[in-house]
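The two complexes that follow have chain A in common; it is paired with chain B in the first and with chain C in the second.
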Partner chain A sequence: MRLTQGTFSFLPELTEAQIRAQVEYALAQGWAVSIEYTDDPHPRNTYWEMYGNPLFDLRDAAGIMQEITACRATFPGSYIKVNAFDSTRGWEAMRLSFLVNRPPQECEFVLERQEIDGRRLRYTTRREPARTR
Partner chain B sequence: MGKMGEVSERYKSGVMPYAKMGYWEADYVPKDTDVLALFRITPQDGVDPIEAAAAVAGESSTATWTVVWTDRLTACENYRAKAYRVDPVPGQPGSYFAYIAYDLDLFEEGSIANLTASIIGNVFGFKPLKALRLEDMRIPVAYVKTFQGPATGIVVERERLDKFGRPLLGATVKPKLGLSGKNYGRVVYEALKGGLDFVKDDENINSQPFMHWRERFLYCMEAVNKAQAETGEVKGHYLNVTAATMEDMYERAELAKELGSCIVMIDLVIGYTAIQSMAKWARKHDMIVHLHRAGHSTYTRQKQHGVSFRVISKWMRLAGVDHIHAGTIVGKLEGDPNMVQGYYNILREQRNPVDLQRGVFFEQDWAGLRKVMPVASGGIHAGQMHQLIHYLGEDVVLQFGGGTIGHPMGIQAGATANRVALEAMILARNEGRDIWNEGPQILEAAARWCKPLQAALTTWKDVTFDYASTDTADFVATATAA
Partner chain C sequence: MSAHPISSVAQEPAQQRGADIVDFGAALADSQVPQILLQLDQELVGLRPVKTRIREIAALLIIDKLRKSVGLQSAVPSLHMSFTGNPGTGKTTVALRMAEILHSLDYVRKGHLVAVTRDDLVGQYIGHTAPKTKEVLKKAMGGVLFIDEAYYLYRPENERDYGLEAIEILLQVMENQRDDLVVIMAGYKDRMDTFFQSNPGFSSRIAHHVEFPDYTSEELCEISARMLEATNYRLSAAAQEALGRYIELRKAQPHFANARSIRNALDRARLRQANRLFNTGAGLLSKEQLMTIEAEDLLASRVFGPGG
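Right, the complex of A and B next:
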């Protein structure tokens, strides 16, 4: 399964130049870039591991590219995403978030159905095979 | 009117001009707490525009057609709305813009029903006017803060969906009427698996003989959950809970919640009070509320008479919906580019400056009220992606119903075509490319590796809806949709 989270998951994997262009765009908006990784990209897994704090003071795309490279070297088998955070009043939220690394074998989810009354079902999406991170 | 003699003269039984009854005050300076309204008035022949404006102020506040002594039991000057400015409409002889101020205490806190019962209550049928249109309103912060506002809002909706940096993608199931629950859910599943974020019931899908509501809810949520597990991405379907009574609507919304839906849908025709009730229900249960503006064109489309959609947008932001259909500019339904951008700004910005070119007459401070996600739906397709993003920005739901389900290679392919076109265009825009001019090349380049997009571009490349708009700004020559 191809995980389609993130702003650009329907495009071919972004090249280094394309990633850098998006980082430059985020910096030009005044946003802070951060990097997160996980082995559990469950759609409800809100908190991926932070690869350090958001890079509030790093305003240079080259420096951020180095961080991305270092994160990939450390966690080559993980999903890694680059986020851009906008701290202006009224947003104070993520404005861009896209994947920059996928494991060689993508994860799979299964849908479990618990049959209850009135033809209703309770659904649970479970990682296959289950992992904890 | 301080002296006793003048006062007794004012309250002599009989009929007197509204302007003389205190509904016209040329030197009135609106208070920060006043509700302001701008009406376009077209008086009957021979009716003085200032008297007409005063009459509108009177009939939308305290007045009746004759003098009543019981006014003297109240602080009546306070309760009288005051027309304070009348300007001729540029290029429209016989029509005038009338500015009217209303004291805050004329209105019940947090009630759109009460606000509108005054402002658009009796006055639109008033005989001395040929036509009357409510163009814009300024809601003072003191009144804004009595409303809940959007149950979820753009920021939190994006966080819940985990989708950032691009418009959301939706589609309305077609045919809108006649599918069984099982067949209907098939469309939902295919479209979500193919790459859409949302699928949507249409405004007139409620609980009909061909598909009762429970049937639809059960099959749609199977489709949503299955697509979610197969893509690893949060998905949704707007389950329309519109029904005959509030009790029915709550019952349907409860099932949507129990089944794990993240969103419910209502139609504008359920009325302002029902909309506010559902917005409160949604805030309580962490649900998103999608509003379809069914019926609005009966009163928003004609320039001379009715209520502008920018006013409806303001009321709906106060009432607390999270999504509202607000126009596409390039699609099949009415929408001048400037006017539509005005609605989008009202829904999405924290503060709106005066912007006459976009029909915005008043500065509006939204005081931290959450933002509403506008929805662009009706006759749009992947080939217009650059125009849609250019005009509408990225905080919008783009809904390609026919443009997904009518794809020659199937529904999944239609959804994929739209998603690829969208992501390619956002990538290019962020890279600094001029998407307005280079859009077609950007789409062609993506279509070289994405066959569904190629098929979509070929199928719909010549489809445009380029007609003159009926509702346009009065202050500049307006462009029509490209």
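Right, the complex of A and C next:
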């Protein structure tokens, strides 16, 4: 199942040039770019591992592209995303976040229905098969 | 009719002619290099050899671009430079201009200058240096990395010094990512020479060695005039003469830092001028008085000796 999380996730995979252009755009807006990876891309998992420190004060995408390449080489079997954080007062939030790497074998999720209190339903998204560490 | 080169070209098919002729004027105007060079000429006093060298580099870059546009071989030239000269001779200022020139020629993408010294590159414990250096390099990507007093990176007296690690990373990036950033190293002439001798990797990767000469007394006078003009001060006739004498005396003293010493001298003269006006007590001051630095403000300097 193709994971659709973050910006551009319904589009075909971004090429290197497209990723670079997006990063350039983020830098031009004054956003701080960071790279995160995880082997647990459950939609409720908001805490991905940081790859190095957020890359503050960069002017050109070259440094970030280098980090993305390094992260892919280190964690080829992980999901990797690029985030752009806007520190402007009032925003102080992630403005852009998109996937740049997927494992060869994508994760599967199943929707589980549980009947509670008579006919009421409770839904859970569960990873299938369960993650083995 | 004599075989005029233009008439012979005119007989060729238009298409072919278009491919062989490049509009040098348009390329030049497009690059904004003439304006930047002119600005460099006008704003910086003296530095004849430096300006010539920069003009040469800029010319090479433009011609290279034109060669490329007609399909001739044009390797990306190595643009790493070393600026050697005594303190206060304008190395940082010229480096800033260099970043602008390279940016207007598209050799660096952003054209910013990141100025660092040993402290910014070399860490304090094992494993600290590499991330530190890499972070600085990432910040400098797309622009110019200016390493001031680069010879401090290499400390031969301490074989476990982390400077070597920084040098290795620098060399690697200078070689492999030449289109991502340009490195300019600066420092005193003799110490840079020793540094390059003990690190042959650097001297072979740095294509341009630019030497900054010391300023002459006339040039220093000119520089001080510009500094004062920029801050809305002026010298009285007597002060002008005193400044001339000051420069001669100061040059003979140790730790003379060219334009920087002059700037400091003027800053101190401003302090004394302010103090002089302050001590006159109540009364009316004219704009003229507020602007003028008198000879006594300069003559109070220790350079003129006790009681001078």
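The definition used in the following text is that the second predicted complex is superposed on the first by the 130 of 133 C-alpha atoms of A that agree within 3 Å, B and C clash if a C-alpha of one lies under 4 Å from a C-alpha of the other, contacts with A are read in each partner's own complex, and residues count from 1 in each chain.
In this text, a contact is a pair of C-beta atoms (placed from the backbone, for glycine too) under 8 Å apart; a residue touches a chain by one contact, two chains touch by 3 or more.
None of these values were measured; they are calculated from a predicted model.
Novice: Both complexes share chain A, so when I overlay them there, do chain B and chain C fit or clash?
Specialist: Pair status: fit.
Novice: Pick one for A:62: touches chain B only (first), chain C only (second), both, or neither.
Specialist: Touch partner of A:62: chain C, not chain B.
Novice: Which chain, chain B or chain C, ends up touching more residues of chain A in the combined arrangement?
Specialist: Greater contact footprint in residues on chain A: B.
Novice: Considering only the touch criterion stated at the top, classify A:12 as touching first (chain B), second (chain C), both, or neither.
Specialist: Once the two structures are laid over each other on A, A:12 reaches chain B alone.
Novice: Let me test your reading of the model: by the given contact rule, A:92 touches which partner, first (chain B), second (chain C), both or neither?
Specialist: In the superposed model, A:92 contacts chain B only, not chain C.
Novice: On the combined arrangement from the superposition, state the nearest Cα-Cα distance between chain B and chain C in Å.
Specialist: 16
Novice: Which bits of chain C are touching chain A when the two form their complex?
Specialist: 109-110, 112, 137-139, 141-143, 177, 180-181
Novice: Give every residue of chain A touching chain C within the complex, in rising order.
Specialist: 55, 57-64, 66-67
Novice: Could you pull out which chain A residues touch chain B in their complex?
Specialist: Where chain A meets chain B, its residues are 1-5, 7-12, 14, 18, 21-22, 25, 41-44, 46, 83-84, 89-98, 107, 109-111, 118-123, 125.
Novice: Give the list of chain B residues in touch with chain A in this complex.
Specialist: The touching residues are 155, 158-159, 162-166, 195, 214, 218, 221-222, 225-226, 228-234, 258-260, 350, 371, 416, 419-420, 423-424, 426-427, 430-432, 446, 449.
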